[in-house]
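You will see chain A twice below: alongside chain B first, and alongside chain C after that.
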Partner chain A sequence: MSITATNITKTFGNYTALNAVNLHVPSGKLIALLGPSGSGKTTLLRIIAGLEFADQGSGNILFGDEDVTNVPPGKRGVGFVFQHYALFRHLSVAENIAFGLKVRKRAERPDKATIAARVKELLHLIQLEDLGGRYPAQLSGGQRQRVALARALAVQPKVLLLDEPFGALDAKVRRDLRRWLRNFHDEIHLTTVFVTHDQEEALEIADEVVIMNQARVEQVGIPQEVYDRPTTPFVHKFLGNVNQIVLPWSGLIPGTNVPQEDGIAFVRPHDIELVHFNTGRDGDPAQVVDIHAAGPVAKVAVKRNDGKGIVDVELSRAYLDQIRLREGDHVLLRVRRPVATDYAI
Partner chain B sequence: MSLFSKQRSVIPGFGLSFGFTMFYLSLIVLIPLSAVFIRTSGLSWGEFWNAAFNARELASYKVTFLSSFAAAGVNGIFGTILAWVLVRYPFPGRRVIDALVDLPFALPTAVAGISLTAIYSKNGWIGKWLDPEGVFFSVNQINLFGLKFEGIKVAYSALGIFVAMTFIGLPFVVRTLQPVIEELEPELEEAASTLGASRLQALYKVILPQLVPAVLTGFALAFARALGEYGSIVFISGNQPNKTEITPFRIITKLEESNAAGAAVPYATATAVAVVMLVASFVLLFLINLLQKWSRRHQEA
Partner chain C sequence: MSPVATTITTPALAVDNRPRSHIHDPAWLRWTLISLALLFLLSFLLLPLAAVFAEALRNGIKAYFAAFEDSDALAAIRLTLITTAISVPANVVFGVAAAWAITKFDFRGKSFLITLIDLPFAVSPVIAGLIFVLVFGRHGWFGPGNMEHLFAPIAPGFKEFVSGYGLDWLLGPLAEWMNEPGMLPVLFATPGIVLATIFVSFPFVARELIPLMQAQGRDEELTAITLGANGWQTFWRVTLPNIKWGLFYGVILCNARAMGEFGAVSVVSGKIRGETNTLPLHVEILYNEYNSVGAFAIATLLAMLAIVTLIAKSFTEWKFAKK
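Up next, the complex of A and B:
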């Protein structure tokens, strides 16, 4: 089921958390709300869930064609997963998952056997078949998060909402679990919105990324599009590393009229070519100040000879070994492709 | 061979502080308590029985334990509500009310006893509307469906004992519950509501079960305090033999009698009652602890 939020404004006293935000989530997609803390992404998610209400008269929320703006959370058909899981400590894993079914009114409540079968099915889905009898305190963080997900899915929600679902987990579990979520989504195709401040996470698993900043949506697009063609300086700085190169720059910058008098070019570290000074023909002269060669990609910091700051360059290990780069070497830099030049900042 | 394995520790001085702890505990707690048993052992079984289990003593145990239990129960319920309101809702004057909760702790118990008696006696602010001999019931009678209602006596009755015990026990429940409620994340209620639970279901299926261990702890503390309470009760109870004499009052009375009569084993009749009280309280608190452990079973990782 698609989600449409129109013109949502939310203020807390003097603080504006959301400023006339519009959002459309197509049915069956996995969408990431990405932004720094305080950007309003969690507030938007909570308004979609009905845990928070937009300011009076500001806008509405549609699930499909149905207006749910004033529907309480329990009746919206949302599954919500909290950052810190919010599992019921006094209930076992199986009882947690069954909670949403057991609290239904007698007429709508499935019988015991049906509930038990559903719990078993969900335990299988989250790969915790044998742990139904455990209490949340006896599980690891990743297991708890999966139980929280199963509990939300048990009521067969129309949309699934996840608030920083992997925020409290360590790096390895985080990577495993987000890939698992992607595969899981490919199986069930439930409309899903998740909030994150981790750009890598959003770009890796989302069908579409909604980037938020200061109570507004900055850009919406598929991951590759927002990474390659950021439309605002904020998105630029927020998504991946970027060098702000102060012009003029000796050598060609594709898509610009170089040499330029002034301005700034935004260039990603892997879009810069680096050669030894004596082997190059053209380029901006600079000197290597630092080499970080741990991992598949070497990170090299170089200082421009004209004193216009440090530029970060990413090179493959193979290339680094081939040219035998050392700290202190004089080099030439060439821009392969800028992401943008001269935003009005 | 040392009793405890030697391990290197960043915090030195375990031996010294442990030794001091044991010494202090013995001096303050164990020796006085054992004296109660040693004194009592001077009596024969028959004398012990006569001293501790005659009709008057039995009546005092009954009124003491029942009133304490009822008072702790009432505190368990209303103290929980009070703690909930103090933690969850910001309202003007919250800090003042929060400070008021400690008053029964801080107040000399005799002051509490005198003020309660003054209020609930037949001429007191509340007592005159309740007492059969007060301004209201001495001239009026309420007739409800043929049942005559002629007022209730609070001061100088078992009800008065219960009122005083409720007064002094309240802070124990509130102060035990406050930190627990503070730790209860609002997300739990939100999770329950997104899963379709009503407010009432969220309350009795999610919140209350998580508060039970703390409520039991508060109950146990209030109960123990009420059992030992003396100062605030002796004024309001009236100390009528076989009716409103609490056990601590019986112990004092027996001490005085023993002094006056020059008994063969001084104080032994008083310590006999004390032994009964001690053992009974210990058993009860032990049972409550078991109950608590059971209610916390899911917290063990």
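Up next, the complex of A and C:
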């Protein structure tokens, strides 16, 4: 079931948490809402779930073709997972998972055996078959997260909404669990929106990334697209490192659509080619001031000869060894491919 | 042993042998403090309690039980039980509702409401009692002498409204009822005692629940709602189980206060023997009449209430700690 949010505005007092936001999540896709803290991700997710309402007369939410703007959360068919799981602490894992089925009206409630079978099936799905009798306090963070997910799935929601699902876990569990979520999504193809402020997480598992900043959607696209072709300086800076190079700069490729006037070019450190000055190639003359070679990629800081600042360059270790680069060496810089400049900031 | 090894082991040994004086105070100081605390507890808390029982049993067990055969004593016990049976459940409902509203919703005037909940703790019980006298007394706002004045401004409209429904026949008896002196037997009667008791014991439940529910947040309730539970189901299946021990704790404290309240109740009760005396008031009356065995015998009931309360309280605390 697709989700369409149109022109959503939300204010708290005189603070605008969402400013005319539009969002479309195609049916069956896994979408990441990515943005810095306070950008409005959780608020948007809660509005989609119906836990919060957009400002009067601002916009509407569609699930498929159905307008759910005024449908209460319990009737929307959403599975919502909170960052801190919000498991019912007085209920066992199995009872937690069964909760949504047990609270149904008598006419719609499955019988005991059906509920038990469904719980068993879900416990299998989250790979916790043997832990149905445990209480939330007796589980690890990653296990709790999966129980919360199973509980949301038990009612067969039309869409799944996850607020920083891995936010409270350590790095290793986090990586394992996000792969698990990706595989899991590939199996069941439930329309899923997950919130994160970890760009690596978003780029790794999402079909599409929605980047939010200051109550607005900045850019939407598949991971590679938003990484390679950011449309705003914010996105450029938010997704990985970027040099802001003051123009004019002779490191740009001549003849591309880049203006050589005043302005700023945004270039990622690994998109810059570095050669020794005596090779006599095209490029901007500069001098190496610092080499940081721990790890697979060497980070080199280079000072422009025209005095317009420092440029960070990333080189492979093999290349660094091959050209025997030393601090103080004179070099030439040139971009590998056309770059974005000056977004009319 | 090489010199290097020595330099490494020496500081390690030094750390091990260092007296941990900053954690453990000298023994004599510890024991002095403990004895002081014990002595204080003994003389100010335990001794009086023992004295109550000793005094009650001074003339033997027979005299002790005779005190409970007095019909006025039985009436006092009954009134206290009735008052408690009404005011504790009422405060459970008010307290849970207030705590629920304060912790699960945002609304204007929330901090004012929180302050208001503490009011009964802040005012002297005597003042609380006097407020009820002011409100329900003979010339009080809702007192019998003031009913007509109170309704005067709305009377014409009310008459029109009633006539509009063809209910004129109601007006006569209504006016009669309103002018009767004893029409609202609040003061010097059970309703007044119950109201005063509710007032003074209100904060216990709410005060106990608010921090607990605040710490638990709203996420579990919101989850229940997204899973399709209605408000009732959310309350019974999620909120209540989460607060049950805190609620129990609040209830026993509220109960102890409701049974033991003296000040506010003494102002509104009128102290009519056998009618409007609660246990604490009855103890006072007996004592003033130099019937000290009777007074202390009744007082043992309140003392036992205190002991049971403390045991129940420790039990809940232990239960809390286990979680």
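FYI, the second predicted complex is superposed on the first by the 331 of 345 C-alpha atoms of A that agree within 3 Å, B and C clash if a C-alpha of one lies under 4 Å from a C-alpha of the other, contacts with A are read in each partner's own complex, and residues count from 1 in each chain.
FYI, contacts are C-beta pairs under 8 Å (C-beta built on N, C-alpha and C of every residue); 3 or more make two chains touch, one makes a residue touch a chain.
Since this is a predicted model, take the numbers as computed values, not measurements.
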Superposition on chain A - do chain B and chain C clash or fit: clash
Field: Contacts of A:P73 with chain B and chain C, given as first, second, both or neither
entry: both
Message: If we overlay the two complexes on their shared chain A, which of chain B and chain C does A:R151 touch? Say first, second, both or neither.
response: both
Message: Just checking: does A:A49 make contact with chain B only, chain C only, both, or neither of them? Give me first, second, both or neither.
response: both
Query: Which partner does A:F88 reach: the first (chain B), the second (chain C), both, or neither?
result: both
- request: Once the structures are superposed on A, label A:I97 by its partner contacts, choosing first (chain B), second (chain C), both or neither.
  value: neither
Query: Between chain B (first) and chain C (second), which does A:Q138 come into contact with in this model arrangement: first, second, both, or neither?
result: first
Query: Hey, which part of chain C ends up inside chain B in the overlay, 5-13, 95-103 or 149-157?
result: 95-103
Message: Based on the A-chain superposition described above, do chain B and chain C contact any of the same residues on chain A, and if so which?
response: 49-51, 72-75, 78-80, 82, 84, 86, 88-90, 99-100, 103-104, 137, 151-152, 154-155
- line: In their shared complex, chain A is touched by residues of chain B numbered 185, 187-188, 190-198, 201, 205-206, 209-210, 298-301
Statement: Given the complex, residues on chain C that touch chain A span 217, 219-220, 222-230, 233, 237-238, 241-242, 323
- line: Residue positions on chain A within touch of chain B in the complex are 49-51, 72-75, 78-80, 82, 84, 86, 88-92, 99-100, 103-104, 135, 137-138, 151-152, 154-155
Message: Show me the residue ranges of chain A that touch chain C in the complex, using the header's touch definition.
response: 49-51, 72-76, 78-80, 82, 84, 86-90, 99-100, 103-104, 137, 151-152, 154-155
